[in-house]
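There are structures below to look over.
In what follows, chain A forms one complex with chain B and a second complex with chain C.
And then the complex of A and B:
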């Protein structure tokens, strides 16, 4: 799928769909949105739909940033306190490392 | 764990090497009386044009006969490279996983239901017989699934096929990657909680489904296709019994040859029907490396990878030559290069071969030998594709070379090298 080929309305629609899709707990979709449409939104010379694409890209970026902070915080908490939580820690764990820490 | 039925069609339709759709590229020469018969040559002239960008001003003087002198090869080195890279990446992923994650090269007592005969017998003859029987069952399952798919396609049961493909890619993207992630974490002794894993797998799978079955950046789609081929290959490497795997590889390359080249072969019918109806073959089955080139006076050649719909292209392009002024010739010229498409089954079986060489072969010699053999085979296949210009099976040549190299390296070269090193004899 080459963005160059698409008319601007379709680019906008694609960007919007990716933006809306990201709300289904899909920060990766927001990441793809930001990377893919970055050139369209910020580098290309202005065209009609560019302002809207820009807002979508910015909001996707914001959402992505929020998710990254939330995930990093949770992972840090989990890794640090897992051993201390005892049973709850094991219950939450998908893989438990072997050996003594 | 038994792999489910929905895996089957993943690889049976995917063993084909197809030239991408072959539209008439409109001539971009300014001469209005340029005959349409030379349109098919305009693609090949694209190569030579790009190699002499400075010669633009003399182009007006270029006689038209030069086009006929161009080689009738439709694909060149660029296309070979465009396929080498994904095939290499797939094999690298598989070999890296095999070498690091022990799970995929552990012996397992479980077998797929498609290979019911066990290979645990001490008798060589019995073992050989069992592997041949396993192969027969596996190949017949593949044949049946292929024919089923072609029949469904012919009778336009698109919904059913789409549903089938979606189900199988769902399983690959979610379940198999979940297992893979689990095994990687266990290997590196990393603690991971369900929450993070759920988020990771959900994101990976959902974006994969969107990219493969709907619209997404080409690079990401290619990456996902490579990854799911690698996953599938790993499943095969784990669950196929050793001797059966080699016999199956040999048998499936013969089947591929038959299915694509014989007039009533199912794969050939699939490709022909798709071409008749001017539809692309389902994206979940084929890896496409299409590219588009644009040459203008001001900017140097700017290539962007694209998966194109040729018909919409052409109607836009045909308008181009007419509205161009008879000024400098290189202004606003558009050239199109069609990429090559390779079925995902080819990726899978190449990776199975190299992966098994890495898992059970001696050491890196064998693995590298198989890798080189497969790439040579792919090169030759692309050469044949450029000459014959129709869908060709990509498995036979590569797998044959791969098998020859594997067995000869494992049984001849390896002991030879070891002996030389033992006796400190350098040649």
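And then the complex of A and C:
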């Protein structure tokens, strides 16, 4: 979809949809929001809806950052300690490579 | 070979003296010994590379050697001495190294050093010599099965853990160590010469200068699926999340073969007459899987028991004995008494045709192949002998055996000191209840076998030799007595062909099948039954009753004038029952009471050598190797396993 052709109200509504959608445990929507609307929010010359788009993009960015932190922390802990957790580690795992503890 | 003859005579005399004294009012002391033969044979010669030590897991420790999924590659290095290890572990420029060594260097100190430096070691290949090392070699523990026998803190604590006498002083415990790299064995033949030549041509430092690329490298594949211990891998076998149906490890197991001298009623559990159990062992092992010669540790006793069963066949059929002999062959005794613990468990749970109540006494034949100065030793358990009635029975047993041996050229003695029973199946029976029992061995305080549970426990270790310059026919004639001939032939057959390693349950080992059919043939009788009926375990078409005998169809030999074999049916009392540790029935994989050994599954076992042009290419050698030769490939390499306990 080419944002150039859209009127500003529709851009705002799209941004808002992606922002609200990310709350449903969908951080990739926030990622898309940030990447897609970055130019609109910060680079383009000001237009009426820009302040709101800017808010949405900033908040999406914040949410994205939280998710990245949480996921990175958990993945690191899991990869490092799963072998030591014994039974619990096995029950948490979907697939364990053969031949590794 | 005369030892078997002697033991056969021993039993025969025993029965002759006692069984036929019948019709008085005193009860006959029946034949109440069990021959426990430990049958082990070695089969080193026919396999090129016995493959690496498999991974065996245990709940306490685990024995493993494994490679990565894509195989381990290392630059070849021929280890010349223990000091030469320095090159591999510290000074060499092209780690990781694939170390090739002669078996003289395959010692605990060398292997431990390699284990500690395993970041620079890609794998080990041991060249197996054709002659046994004269100083002995045993990768088993110094005190075999010390935690699964009868002696513990509550039963004879001063006798536990080999405090009084060390049974296997040459044991270096290598079989129970964990290694992070594959260990293969190579036969000393042309392929091995090629490997050594490759090293000499490309890898050897000349005049102090470092070897340059291209270097000779070897890649060994032996990826094992299971890790950590039995509890973990059994849990992962049945983990609900994974979709893959393949299991990663399987318990060790096989079958116990047993045969009462007279038929029992096998459908009725718990037989109330008196039985005397005679036991033997069917299995052995070595450091390398797929090699399990065990001539002295298993074959010697097993053959003796078979010979005895055959010799006593007629006597036990005709004589009216108040007790029957119950010949038993246990499998898996090497791995914490898998077979005997299972049988005792079945007896306790009334799942077996006879109960522990019915067992009057036990005689076991242990390692009997290495007679020295014609002495046979009778080992008994001092703790159970503190009980008056048990002591009486044991004394009777011992004196009977001594009397029976009087006419023969062998002396039967008890070791004069208070010492525990050696590792034997009788110990598991004593755990259940104090039976009077005797274990016959050829040693008094430590094994005469210098190659206990190793790949060298073969015909040479038994010193089975003929005078030189005899043709095979003459060699057979050299052994004149027919019983001796038969026993000798069986021993020869087993020692050179059979691998006594127990392996997993779904794979029946050769000794089990052999013993089952041999025992049937030697103790049973020909039956006039058609082949179809025979194979369906019935006497004829109308026979619907449940049987206490078993039938087996023998293919037979072809008569002189035709090529078709003339088969016949043998009716005997031989049965096989599952020898799987009770821990797997109870699903208690951390059990301290029962054996918990399992074997890992693997993908492929193979190896190859090639020239590698630079270090980066070592990683992706399959595409860039300039010359590669496949040495070991799948179907012939069966010996790899990872054993977990």
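Assorted remarks:
What we mean here is this: the second predicted complex is superposed on the first by the 99 of 101 C-alpha atoms of A that agree within 3 Å, B and C clash if a C-alpha of one lies under 4 Å from a C-alpha of the other, contacts with A are read in each partner's own complex, and residues count from 1 in each chain.
Quick note on the criterion: a residue touches a chain if its C-beta (ideal position, glycine included) is under 8 Å from a C-beta of that chain, and two chains touch if they have at least 3 such contacts.
What you are looking at is a predicted structure, and each value in this text was computed from that prediction instead of being measured.
Shared-chain residue A:66: touches no atom of chain B or chain C. In the superposed model, A:99 lies in contact with both chain B and chain C. Touch criterion not met for A:20: it reaches neither chain B nor chain C. Of the two partner chains placed by superposition, only chain C is touched by A:86; chain B is not. Set side by side, chain B and chain C differ in how many residues of chain A they touch, and the one touching more is B. Shared contact residues on chain A (touching chain B in one structure, chain C in the other): 93-96, 98-99. Interface of chain A with chain C (complex): residues 86-87, 90-91, 93-96, 98-101. Here chain C touches chain A in the complex through residues 66, 68-69, 223-228, 232, 235-236, 239, 241-242, 248, going by the rule given at the top. Residues 1-2, 4-5, 14, 21, 24-29, 32, 35-36, 71, 74-75, 78-79, 82, 92-99 of chain A touch chain B in their complex.
The part of chain B that touches chain A in the complex is made up of residues 182, 185-186, 189-197, 199, 202-204, 206-207, 210, 215-218, 220-221, 292, 304-308, 312-313.
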